[in-house]
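Next come two complexes built around subunit A: one with subunit B, the other with subunit C.
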Partner chain A sequence: MNRILPRGAREISFFVWLLPLVLVCIGVFVIPVFQIVQLSFTDATLLKAGSSFSLTSYSNLLTNPDFASIIGVTLSFVVASVFLQVVLGFLIALYLDYGNTQGLHGLLIVRTAVLAAWAIPGVVIGIVWKMMFSEMDSGLITALCKLVIPGARLQFLSSPSAALVSSIIANTWRGTAYSMILLYAGLMSFPKDLNEAAAIDGANAMRRLFQIKIPVLAPLVLICILLVTVQTFNTFDMLMALTGGGPGRSTEVIALNIYKTIFTEFDLGRGSAAAVMLLLINIGMTGVYFRFLREKGK
Partner chain B sequence: MKLKQTDRYVLSRFLFALGGILIFVFFVTPLFWTLSVSLKTIPELFSPNLVLWPAIPQFENYVKVFQNTMILVNLRNSLNITVSSVILILLLSLPSAFALSRVYFRGKKIWMFLILIFQMLSPVVVVIPLYRFFMHIGIYNQTWSLVLVYAATFAPFTVWYMKGYFDTCPVVLDEAARIDGATRMQTFLNIHIPVAMPGIVSVTILLVVQCWSQFILPLILLDDKKLFPIPVGLLDLQSSSDAITVHYLAAASIIGIIPVLVCFVVFQKYIVSALTQGAVKE
Partner chain C sequence: MKNGLVTGVVLILVCLGLSPVFAGGKKEEAKPAASIIVNWVAHPAYSLTGSDPARVEYLKGVVGDWKKQNPQVTLVDNVLATNNAESMAKLLEQASQGRAPGVAQIDTYILPRYLPYLQPIDDLVKAAGIEMNDFFPFAGNIVKGKDGKIYGLQFTTDVRVLFYRKDLVKIPPKTWDDVLAVSKELKSAGFDAFLFPAGRAEGAANTSLWPMFWGQGGELVDASGKAVFGTGDNRTKMLNVLNFYKSLVDQGYSPSRVANYGNEADLNVEVASGKTAMFLGGNFQVAQLTSIIGADGMAKWGVARIPQKAGAKNATSAGGWSWGIFTKDDATRKAAFDLILKAYVGNSGMSNWCSIAGYLPTRKSIYSNPLYKADAYSGLFMDILEKDGMVRPVAEVYPQISSEMQIALSAVISGTKTPETALDDAWKAVNK
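Right after this comes the complex of A and B.
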């Protein structure tokens, strides 16, 4: 019966198909986002019910020296993690692609090992790396370091700067799989004749990599960087188990700060203001990604 | 000349193997170490020398963990939450993805953009108002309300991914079905769902892994230890354990990741295709 209906009528019936999604998105995204923005302009706390309009949460947030340090920690954590994950992911992707074209064995086991890290919950990754970085003599990394330099004083998690580096290493371990798989797919679909033509023209493997493969894959690398950046900004489950944000605030990234401000300091207004900052980062990154996808689609 | 070529061949194979071993060791060592710690005795935990693998693996550690912690309850909760969320996500997302793939309407680009924003949004941003709201209307600390939030959290990604998949199904199929007198619903259920099955399987596996790992939503929306899924249960266990019980924590961690790792290794090829397609397609 559908075909005799005018086009517009069919479109309306299709909105029924979208309706459940729309309702759920309004309930869980639109209204909460609206509320968090509203809350960020109040002096609300979790402890008392009422609240009144105020701009103090933003001024408190922006003038708080802790917040500057949190932004610094977040940026270091994100930039270093993304850089390491994408570079390491690309190297492993090249490795797998090379092995694939040469018909070598053992690739599946390497790929599985990398991907397995990605499938593990962040909290477990935090627990696992806390054991790896254990500062007791029986800790694996401590023991290995002491084999090389006996008597070294090692503080992987108890010194502020080392804790940030340790967190970045653990996060790289966790996230490299994503970049690897994305870039490996790009290499697999790489036009073979392009590579062969360059080889016939006498370009060696290095030149083929830097002058052909990387330029052709550049859009994909950019997509990969964007997606990994968003994920890294949003994450804190691993840090919660690994360092809890400490020592001090040396590994407290913005998402963890939001949680702590609201649920341990009960300051809903300031926590919401920080959440709005994260929201703006999310929206900004999505905008760049969306424009990029559209331009690529054209 | 011939010898030199053989040398180069041997060298390249050697370097290739070495590279593979390095990657493998870096990614497997933490898991190996956790397994090793989980099987140690207390003196081995405090040994001044490196104990790579316990002299006699203490499998009783696992028995103790099953007896003295909530890990089995956590496992059952994770299983419940994951299965019901994934079913709900698919029910919500597949029709919407199909509609977005098949009908052109004004403002569709904006819709797709909004869906993408929801996908990228940090759960920590929306969970705070939800926490207050759930407290207010009295559905805080309930598994079913948590499952609803999971469904909404992961639906945007699923819609985005499945729309890409439905886009690749030829429209000729729709037309043929319509000429045969099928309704949209029949076309969707009898033709597109079967055709899109590989995509549905991929996205399901990916959702299972993500629901299993989800941490911030249950941390904030649940209060009762009897309802905690694996990640929250393990964090709770971690906060109450110290150096002398770290082997139990290790054992509990191993127990908590075995289901998802098994699922992952078995369905690995679907995960690989899901991760790559979801990101690149519009």
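Right after this comes the complex of A and C.
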């Protein structure tokens, strides 16, 4: 039975209900972020106690040619991964939706198989793909390629450009399921009468896809792109296991650089400055996301 | 009427009431006699929760006996993260904030960084009858502070060597020229002649770069701890090392895929393939490889000193783990020391632990202890350690030198940069 609380009680109740969330947010997000921002303006390292205010972390970072290269690698990795994940996720979602409308068997198996890649931890995915891309004759992909081109010199992970492509393939395999889930949900709620009306009007499947389904689903696709982009910017666990950022810095994305700077070089100041950069990128992406949601709600 | 409000308040009270359950972690068993709590933190592979049944069985036995002998002590065991760099960084942060455990395992090369937080144990070492000059010099010296006091005990060590197939390489190469000469024959016979870790992990620097650099008399840092590896003679010596590896790859004696192998153990899969003739690795790979290729397979492999530039002296890199005691409470300090003495550092502890786990003892007398089960290579490992063993510098800048030189080596191997450019970029990055 619904009861309407008096205004005063409602306000108190509102704050009481919100309090746990606020406390959790402050404890696990606001304070750590504040500390990271604070550390980024110091010369703190893990090797000595104490630190002093300094802008050298930012000046070193922004004038370092390696950081420009890391940003370039990150953008290549993110743009290619997001494009492939969203396109492949959409294709799989369409395939599942088609199977659903046709009453085909085995859809659950397909969904589970795709979702399995999403559920596996990034480190495990990195190790699995490292074995797949092994350049020894025992490497699965190497062995298959050598069946086609015997004696081919394959460098999936030891050539800088190939290593980046290999990393993108592994990350696409990992992340496609997430796009598929979002877009499949959109297709499931797609108004069927629109599709049927277009079919009666003589629109073939391709026209229905490009002129009805995609325009209707466009807001969801954009949300999907934004969420996948934020996730991909933050990727480092899979790359850590797959390439370690190498050879050279060819697969070192910004999140991996932060990890290595803090935990391998013990440089808290510089690592925190890079983390603030990544945070700003993510805040920008999130801002676009919320703005879009607001526009959509109008 | 005020159900929402009441429910909210009740929920908060319930959460507060449950908070000790979430915050408490391991709940101590009631032990009325226990008045000392020892917080013991070990690397997973050295702990009661390791994956090797033989190690765990040994530790459970010795720790169980120790608990019976010390009913007044409650032992709380925890483990470090498996990533060594990360676990050492976190432990250092805990120590600097006064949250370090009572006794913890520390990667020895970085132990001097913990000196401000560790407690001296000279009195306990003396009472246990352990002579510091029984330790290899590098192991005995690194645990001492500037005040001459002992702040830790190194209980295992390792050494980098050349492994070679005895059926393929009759005389192990001593110089780089020897390596190139024998590699030519091995390549024509279809073997990967010479492998080494050249990826982005500490193994690449510690095994592939430093021994050959040190052999020429190169120095990574000067006496004040300032980086000097990329300037003057040191630059030439480091370039010599990078050029040697480049020539191996250019001539097809080493595959470029070594740029993916950051640690020594990454090469094990190559060795198991049967196509590898020689590789640079660590003594700990003997046990690992024996479990992979069997004792018969391992019997094909010989061990020798790392080949050096003609005219250079022998040098190699030694590492290993130490125990350090952080607690200031004297009774807890003594209890923690007694635990590590029994399990890892004393005569039977070090003999048994090194035999079971396949590590090299840091005390010379242990090699002749009847309890120590040496493998076929232990005598040579001890000789190399004693004569050529060197440790990484403890300078604040070392982690960055190592990281940048790992990048430089993998860039040279993958053909991204010339040795000169790679070294100069590393030098600039360290000095920025």
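As a convention for this text, the second predicted complex is superposed on the first by the 290 of 298 C-alpha atoms of A that agree within 3 Å, B and C clash if a C-alpha of one lies under 4 Å from a C-alpha of the other, contacts with A are read in each partner's own complex, and residues count from 1 in each chain.
Please note the rule applied: contacts are C-beta pairs under 8 Å (C-beta built on N, C-alpha and C of every residue); 3 or more make two chains touch, one makes a residue touch a chain.
A quick note: this is a predicted structure, and the numbers were derived from the prediction, not measured.
> Mind checking the superposed model to see whether subunit B and subunit C fit together on subunit A or clash?
With subunit A aligned, subunit B runs into subunit C, so clash.
> In the overlaid three-chain picture, which partner chain does A:Ile262 touch, first (subunit B) or second (subunit C), both, or neither?
both
> In the overlay, answer first, second, both or neither for which of subunit B and subunit C A:Asn60 touches.
second
> State whether A:Trp17 touches subunit B only (first), subunit C only (second), both chains, or neither.
After superposing on A, A:Trp17 lies in contact with both subunit B and subunit C.
> With the two structures laid over each other on chain A, which partner does A:Ser138 touch: subunit B (first), subunit C (second), both, or neither?
In the superposition, A:Ser138 touches subunit B and subunit C alike.
> Check whether A:Phe190 is in contact with subunit B, with subunit C, with both or with neither, and answer first, second, both or neither.
After superposition on chain A, A:Phe190 lies in contact with neither partner.
> So in the superposed three-chain picture, is A:Phe83 touching just subunit B, just subunit C, both, or none of them (first/second/both/neither)?
In the superposition, A:Phe83 touches no partner, neither subunit B nor subunit C.
> For subunit B, which of the listed stretches 9-17, 63-71 or 189-197 runs into subunit C?
Residues of subunit B that run into subunit C: 63-71.
> Across the two complexes, find the residues of subunit A that touch subunit B and also touch subunit C.
In the superposed arrangement, which is not itself an observed complex, subunit A uses residues 3, 10, 13, 17, 20, 134, 136-138, 262-263 for both subunit B and subunit C.
> Which bits of subunit A are touching subunit C when the two form their complex?
Those in contact with subunit C are residues 3, 5, 9-10, 12-13, 16-17, 19-20, 45-49, 60, 64, 66, 130, 134-138, 155, 157-160, 243-250, 260, 262-267.
> So in the complex, the part of subunit C that touches subunit A is made up of which residues?
Going through subunit C, the ones touching subunit A are 1-5, 8-9, 11-12, 15, 83, 85-86, 89, 92-93, 96, 113, 116, 199-201, 255-260, 262, 269-270, 273, 396, 399-400, 403, 406-407, 410-411, 413-417, 422, 425, 429, 432.
> Where on subunit B does subunit A make contact in their complex?
It comes out as residues 13, 16-17, 19-20, 23-24, 26-31, 33-34, 37, 44-51, 91-93, 95-96, 98-100, 102-103, 105, 112-118, 120-130, 132-133, 148-149, 151-153, 155-156, 159, 178, 183-184, 209, 212-213, 215-216, 220, 230-232, 234-235, 238, 243, 246, 249-250, 253, 256-257, 260-261, 264-265, 268, 271-272, 275-276, 279-280, 282.
> Residue numbers of subunit A touching subunit B in their complex, please.
Of all residues in subunit A, those touching subunit B are 1-3, 10-11, 13-15, 17-18, 20-21, 24-25, 27-29, 31-33, 35-36, 39, 92, 95, 98-99, 102, 104, 106-107, 109-110, 112-117, 119-125, 127-129, 131-132, 134, 136-138, 140, 143-144, 147, 173, 178, 181-182, 185, 220, 223-224, 227, 230, 233-234, 236-237, 240-241, 255, 258-259, 262-263, 268, 271-272, 275, 278-279, 282-283, 285-286, 289-290, 293-294, 296-297.
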